[in-house]
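In what follows, chain A forms one complex with chain B and a second complex with chain C.
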Partner chain A sequence: MSAVANGFAALDGIEILAVDGLLAVSALGLLLVDVAMPAGNKRVIGYGALLLLGLAFAATFTLDLTGTALSGAYVGDGFAIWCKRIFIGAGFFGVLGGLDSTARIGPRRQGEYYQLLLMSVLGMTLLAGARDLILLMVSFELMSLPLYAMAAWGGIGNYPEQKGPIPGMTMPSKRRWHRPAEAGLKLYLVGAVSTVVALYGISLVFGLGGSTRFAVLATTLTGGPLLTLAVAMIVAGFAFKIGAAPFHMWVPDTYEGASTPFVAFLSVAPKAAGFAALVQLLLGPLAGMAATWTTLVVVLIVVSLLVGNLMAVPQQNIKRMLGFSGVAQMGFGLMALLAAGSVTAHDVASRGVRPEGLATLLFFLAAYMVANMGAFFTVEAVAAAGYTPGKPADERDDDDTLPTFAGLHSRSPALALAGLLFVLSLGGIPFAVGFWAKVWVLLSLWAAGFGWLVVMAAALSAAGLFYYLQVARSMYMKAPVGADGTTLPAVKVGGGLLLAIVLLALLTMGVGLFPGPVMEAARIAAGL
Partner chain B sequence: MTQQWLPAFAYLAIAASASAIMIIAGLILRVKAKVDEPSKYDTYECGEEPDGNTWIRFHPRYYVVALVFVLFDAEAAFVLPWALNLRELGQFAILEMFLFLAVLMVGWLYAVRKGAIQWQ
Partner chain C sequence: MIPVNGEVLQLLLILGAGLFALGLYGVLTRKNTIGLLIGLELMANAVNLNLVAFGRYHGGTDGQVFTLFTIALTVAEVAVGLALVILLHRSRRSTDLDAAADLHG
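Right, the complex of A and B next:
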């Protein structure tokens, strides 16, 4: 009742939610601007979203966001701030790289798209510091719900056959027209089911622990068969969200169907948010159940590495290939989580192990973000630059397959170089940022005592290089000739997409060459 | 352990027996038709002749109206308990409710501007 008696006390420390407040006001404000604007092309809302996300990103550096707010339900620490930067950064690049595509898909509906994206980012940033089961779930759903609508963007409604194409819009083929709807529905069904599963687990945790606050739960949860069930449900529910095998079936289909710049956002930000939620729960109130959840996580890692790396090899559609590669990458993220949960105080005291798991996870998520978004933007650039000329409109479905990358080196040397950088980073080749991320994860896992897992992950990563290098081979060693013998056109990239690719390539290379400061920042963020 | 769960098990037992009793009582008590009347298979057994089948298309404006209704339904669900406890909650609650209503109003404004309640 104390919270009721002095309501204004609940506002103590609310200033650490300044960035989240900015995002909330931005999202609502853009919606109001959207309805106040005359109908027509609303591209300017995209610029507004970009500016506001940039402001929010800068605010995470200039404002002091550490502290406790909402009567202890929200804690701003290094971890939360680092995660916020990843989320807002992913949102920024998602808007920047998607400016053209969003305007192309639905010129009149751009306001809604950016509003949904900002709402999703808001859910993520709130999630990053949640120390309360209800806040955690509500913010997780605030993140998820907009994603379902955004995945289906452009896929709803009848194909305008009789009325003729919409002015100012490049008409896709009929099959392609309905594909985003399929992507959105798959994401929605799997997302809804996984939410239910995770929520059931969380309700059991609440029932057993008698509180929604993590601080209370950490002392009241004692174990038992029901808590084991709850932990299993929570891990399974969030494994769906991050797309770790065997809960990955939605990943390739959704990636293939949804618009590529959105997939670039979807493939990094919600995954990082899923990891943030897992870290909050598993390293927080459920840390006492580490024996149970580490077993489950080990299973997820082994299956993810196997399924992701092996299923990526035969994929011809490059977005599906990146989807399966993402499944394998999630295995690496879970390895960092495992390392974070397995190093006990005893290990630190007796063997001098540094508990670096959480820091490696933070670094890994950032590295994965820049490389994966860059890879998807490269796909978008190649696909948007030219449907195969001479083909009828109905057959223009094959624009994200591997053959469209043939001879990209001679069609656009700079784009090929950037694409090469991104796939090398994802593959973990030295001096791209992904290399340091993978090595650091493996080292921390080795220190945590999972030698066999390290050996397996290293072997499967080497196998994974095959499909990453297949893209490189297509770009650099094949003639720029399509499957039907026509010469593929030169690729011109401009505007926001170009800027996004350049910035991400610079980040991938820059942090790859000088990883030290960022790793140190990750250590500090993880509280080491 | 068992002591703690006793109410839960009792609840489950009552729930299960209640549905069982309803089904069994229905079997015993209900009036059974002697002959197999075709009207038994109608959509409404109350004498109303159904017109057409149920697989018809509804105009999407019903869906939009339902969405706008949810907006105010959710509002009422929060405003009513708030009004009852306003005296204890104090100034903070007033501030918070106006914030909540402002966010809802943005949604309302959006719906109106997009023509959600225009009935053509």
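Right, the complex of A and C next:
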């Protein structure tokens, strides 16, 4: 009898998992719909996923998701809810911007793509509230495994040269057909190894603390060489996931090989989730080890800023360039984490420092999501025009290179303007949203006492402007002429991709002009 | 069953660390993707060994439950990995990592 009563007691507060439940039901429901539907173009499943993600996003505002559930293993607080909005928003835009591309790549297999995407988002939203090592790792894997499959999605099986083209499908070149498999494999190998490395560190944390609950671990973990090793392995494992240098080598290859709308999702959502996991572990049970992990994070920041900004400059493929720029952006995210971890209660009392690190991280992740997804969608819009001069026929659709942006201003003024806005935001130019994010991160890090790091980051960001402005120069200053002298065609964007770019551009500009309310919301979410 | 005291725990942890290092060596040196996956499995089993040893040392069921979950996670992970290897083999007629070198780097 009491066992039954205990079983029900574990369900107390389960209503704060409403959004996660909705996502789980959505993912499984879409799978059933996919199976039940007659074979053919399954675009409608994409609309379903869009609607359900929109509902889940609205639910994070209308439902009260604060509280504790699963006997303390799951917590809904401002941080978790803010993260959920980022994940669900990224999923929403990922589906919206990818509707056409997904239908083009695999019209009959679209259903599984959206189902995988919803599963991945579910893993992220669960991760945002996890306060238990088991739940943390399970939700982290639920997030990662669909991503491996989605990265490889597209180039399934043999190139259909004998059977002839598949009806309703624009055939990519042979070279491009094989690329997603390679992109998926590279993402998988790095992701799987980094998961196991982090898991080993977590097994040590479990062993030294004697519990899987963060609340217990926070009191039982004391330190020592074994815990230092555990912290190092956890930081390294998650640094792989967020693609911070020197653990970034998978980033450019996977970005180049996988389909662009998927990369838009991959480049923001799992990285925000990696930060959520780091925040929960490092500012939670491992807060006592701050001296160790802040040192490691400083190293990651310095290397990320250097590698990201310097390696982005020579890239001709714009997706690879955005990959390296993302590495540098992760440096900024880690700076916010560093600021959150280094301001102690003593600083607050004696120097009047505001512990704003966590709020800046939340704001930064949202700003990065909006601008980075927008930039990738702009690349997709230009690439979908599908014309590359001066290349052999079987590389015709290998068109993510900088020259395809030449004279975009005269070919498609609105798209060029949106693209300009996104790269300016990523570069941190006023008054796009990315500017406020970077300035706020730097200010909080300055207050935390890392003046030298602030100076270095500011200098390298200024250097980083070079490659962002290179794109702007190509769009605005160059004639719309290809390498072989032919005039580049106008770029027509329509449907979901257009809507996604417009919405993201409005967000980038709107929050950039009026950052106050969103920053205040981030402060509240961080519990300030 | 052997009671796991401090000494036994230490031995088990050393065994786990050895297994992990062996797996990592395999992952870093193998060029064949199947070999890579085997190395990955070794690393995952080192984690399982750690968890079981710690679980027995502390008593209670937390460690065993955690281990069940990590075993399930590893199975799912390797299943996805093998699917990707099959995909690679279909497109390149090889399971060597060098076959997947179309993207720079």
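One rule holds for everything that comes next: the second predicted complex is superposed on the first by the 516 of 528 C-alpha atoms of A that agree within 3 Å, B and C clash if a C-alpha of one lies under 4 Å from a C-alpha of the other, contacts with A are read in each partner's own complex, and residues count from 1 in each chain.
Note that in this section contacts are C-beta pairs under 8 Å (C-beta built on N, C-alpha and C of every residue); 3 or more make two chains touch, one makes a residue touch a chain.
These figures come from a predicted structure and were not determined experimentally.
> With chain A superposed, do chain B and chain C clash or fit?
With chain A as the common anchor, chain B and chain C collide in the superposed model.
> A:A181 contacts which: chain B (first), chain C (second), both, neither?
The answer is second: A:A181 touches chain C but not chain B.
> Once the shared chain is lined up, is A:G326 touching chain B (first), chain C (second), both, or neither of them?
A:G326 sits against neither chain B nor chain C.
> In the overlaid three-chain picture, which partner chain does A:L28 touch, first (chain B) or second (chain C), both, or neither?
Touch partner of A:L28: chain B, not chain C.
> Classify the contacts of A:A149 with the two partner chains as first (chain B alone), second (chain C alone), both, or neither.
In the superposed model, A:A149 contacts chain C only, not chain B.
> In the overlaid three-chain picture, which partner chain does A:T195 touch, first (chain B) or second (chain C), both, or neither?
So A:T195 only meets chain C here.
> Should A:G374 be classified as contacting the first partner (chain B), the second (chain C), both, or neither?
In the superposition, A:G374 touches no partner, neither chain B nor chain C.
> Counting residues of chain A touched by each partner, does chain B or chain C come out ahead?
Of chain B and chain C, more residues of chain A lie in contact with C.
> So, does A:P252 touch the first partner chain B, the second partner chain C, both, or neither?
second
> For A:F206, select first, second, both or neither according to whether it touches chain B, chain C, the two together, or no partner.
After superposing on A, A:F206 lies in contact with chain C but is clear of chain B.
> Could you tell me which of 1-9, 19-27, 37-45 or 91-99 in chain B overlaps chain C after superposing the two complexes on chain A?
The segment of chain B occupying space taken by chain C is 1-9.
> In their complex, what parts of chain B are in touch with chain A?
Interface residues on chain B, with respect to chain A: 85, 88-93, 96, 103, 106, 109-110, 113-114.
> So in the complex, the part of chain C that touches chain A is made up of which residues?
Going by the criterion above, the answer is residues 13, 20, 23-24, 27, 33, 36, 40, 43-44, 46-47, 50-51, 53-54, 57-58, 62-63, 65-66, 69-70, 73, 76-77, 80-81, 83-85, 87-88, 90-92, 97, 100-105.
> Going by the contact rule set out above, which residues of chain A touch chain C in the complex?
Checking each residue of chain A against chain C gives 133-134, 137-138, 141, 145, 148-149, 152, 155-159, 175, 177-179, 181-186, 188-189, 192-193, 195-197, 199-200, 203-204, 206-207, 210-212, 249, 252-253, 256-257, 320.
> In the complex formed with chain B, which residues of chain A make contact?
4-5, 7-8, 10-11, 28, 31-32, 34-36
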